[in-house]
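Consider the two complexes below, in which chain A is the common component and chain B and chain C are the respective partners.
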Partner chain A sequence: MKNEWPLWEVFIRGQHGMSHRHVGSLHAPDAEMAIKNARDVYTRRNEGVSIWVVEARHIAASSPSDKGPLYEPSESKVYRHPTFFDIPDEVGAM
Partner chain B sequence: MTRDEAFLQFLLRMGDNTLVLGHRVSEWCGHAPVLEEDIALANTALDLIGQTQMWLALAGEVQGEGKSADDLAFLRDAWDFRNVLLVEVPNGDFGRTLMRQFLFDAWHKLMLERLMNSSDERVAAIAAKAVKEVTYHVERSRDTVVGLGDGTEESHARMQEALDYLWPYVGELFAADAVDEAMVAAGIAPDPASLRADYDALVGAAMAEATLSLPKSDFAHKGGRNGRMHTEHLGHLLTQMQWLQRAYPGATW
Partner chain C sequence: MYAQMVKSEATNDDPERLAAFQARIDAGEKIEPKDWMPEGYRKTLIRQIGQHAHSEIVGQLPEGNWITRAPTLERKAILLAKVQDEAGHGLYLYCAAETLGVSRDELTEMLLDGRMKYSSIFNYPTLNWADIGAVGWLVDGAAIMNQVPLQRTSFGPYSRAMIRICKEESFHQRQGYDAIRKMAEGTPEQRRMAQDALNRLWFPSLMMFGPSDKDSVHSEQSMKWKIKMNTNDELRQKFVDQTVPQIEFLGLDLPDPGIKWNEERGHYDYTDPDWSEFYDVIKGNGPCNTDRLAARNKAWDDGKWVRDGLLAHARKKAAARVAAE
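Right after this comes the complex of A and B.
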């Protein structure tokens, strides 16, 4: 359907969140309307203070079929986790 | 007419505008052309009905007969309503609904901005709360009117038809009468006519961007805000909106 509006991915920064999080997607004719639609669809219950939208076609994604070479090598490398250090109490929550 | 009688009429005008338009817009719930617009229209309808609760609650207080906002919304007949005719006309297609929304929102925003300086602090407080919602309404309806007006041949034609149909209902928003004179004298509300220049500038710019032509005629249908003669459409709307309270008086859930 060539008259269909493009798909946009929506990212929202919550009241207490540090970074924008992906919350879902929607259709809109342009970026401005995508932000307005995101406001109406995803912030009705006071979920956010900032909205990012990006047209879905601009997102480059890794291929699920590359799962083996991409992620499996890290499974056997426990030494990459910083769990072998004693962390002083004064550091507090990390 | 005493000051409070005029004040009551003014509050009914504000509350009935938002009540009737809120109901009209809610008729789109589940029927809008796309999901995003469906939710956006439902949000707008809910904003308007929320504003109605504030206006009609204050109207009940000023009237002093112990009536609640619900009593005023559900237990009055068509001739008691004080909304402008613009908000009671049927939705038509999506384009006409959004054109009506923009023509109303533009007035609504200008009116609320002035009411924020009302000498009555209850009115000023309601206006301050509502103006935030309405600022968004007018941004959204304006964008849609421009998008559809300056869109395809089909959407342009429908928007021009919508504007031609609705324009004769715009003049009533600015027609002043004794109620308005009393409100101006009390410092409660502005003279409606004083909003016209800003309104024409706002609407004119949007229509130019939308490549739509404003009708030349200034003929205006009237009779809504003074209750003298509503269109036949209001009665049908009220029948649907009020039937439950009429059939089962005092029903709650």
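Right after this comes the complex of A and C.
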């Protein structure tokens, strides 16, 4: 069996109520050590108040070649944005 | 600059795909690990990011040498934090390299058996406390010159690692300048030490940018791919221009009598480092090459039982969990 520690992806939640955000990865033998290492590698300057780690092999990702079918349909739907609608000044703030 | 003379790899890919790839880079798009990329791009990046990562790790040794002998508790805490940052920077970069399909252990092995290089600067010794100030000021200062533009490099994971590193690097340079300034303003003996450190580390710092452009054979392709953002001489000049006023502020003598303001060019003239010394250090004949590699090998070998033990423990726990289900 190979003796390389598995790769973990690290997610950190910052101070101000933001959601967890991917910050990088690291190697660790298990989840407990991954969190300990993540604390040392990714929060040396108060970057976060919560850490998630997940083994990289458990992450499923979309394929770059699917970019077209996945994201192009939303390009033509400008009406999904509030600026699409003209609201007369007299109506006031909306 | 922590990656020197990174050999660029030839690429034998389909010309049409190559052109499309180049168009993405020219348009300022980031290349991500799962995207198609030329083999040469992948291999050159593994070599460059790997060398950069190794430099961060080996770079801990000359400074770690002085942690226990720092002059005050505050300086000790600062140096400890700085050296810990270097470990972190190495780890960010290894992660970026790993997205290109090389494993962490493979990278480590290539460092330990000499197949991969680290920056020539770390093969020079830190003889006294003034050197620690000079290293932060000059060596980290030179590294920043190179790393700031690399934040815009075309490979997404490398660019993101650089952004994190640059955020932390400024602390490194400032603490170094602060330490050497204290000495430059101190007793005549301290002042002499500060001058001596500057004199010894000046040319090795200039060498960090790699050979002169006329002898730099690997630049063109890397610049086209935006994995190298400036030429060696451009960055070296920028470093000299920035550092000379900092030396003058300290009231120290310039370490090179050739340094003169050139009105016409709008830059300082300076003497090139002795390139034969540079090539000799790269080849393994610097003052500390043997020591540095021996220290890394010893750390890896001595740590084996810890790595194996933690892994055995993790496997045992995982097996017990499966049995309990």
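In this text, the second predicted complex is superposed on the first by the 81 of 94 C-alpha atoms of A that agree within 3 Å, B and C clash if a C-alpha of one lies under 4 Å from a C-alpha of the other, contacts with A are read in each partner's own complex, and residues count from 1 in each chain.
Quick note on the criterion: a contact is a pair of C-beta atoms (placed from the backbone, for glycine too) under 8 Å apart; a residue touches a chain by one contact, two chains touch by 3 or more.
Quick caveat: nothing in here was measured; it's all calculated off a predicted structure.
Shared-chain residue A:Trp5: touches chain B and chain C both.
Touch criterion met: A:His27 reaches chain B and chain C at once.
Of the two partner chains placed by the overlay, only chain C lies in contact with A:Arg45; chain B stays clear of it.
Once the two complexes are overlaid on the shared chain, A:Lys36 sits against chain B while remaining clear of chain C.
Residue contacts after overlaying the shared chain place A:Ala61 against chain C, while chain B stays out of touching range.
When the two complexes are overlaid, the chain among chain B and chain C that reaches more residues of chain A is C. Annotation: chain A residues 5, 26-27, 29, 33, 40-41, 44 touch chain B in one complex and chain C in the other. The touching residues of chain A, when paired with chain B in their complex, are 5, 26-29, 32-33, 36-37, 39-41, 44. By the touch criterion given at the top, residues 34-36, 39-40, 43, 136, 139-140, 143, 147 of chain B touch chain A in their complex. Interface of chain A with chain C (complex): residues 3-5, 7, 24-27, 29-30, 33, 40-41, 44-45, 61, 63-64.
In the complex of the two chains, the chain C residues touching chain A come out as 32, 34-36, 81, 84-85, 88, 91-92, 95, 98, 103-105, 160-161, 164, 168, 307-308, 310-311, 313-314, 317-318.
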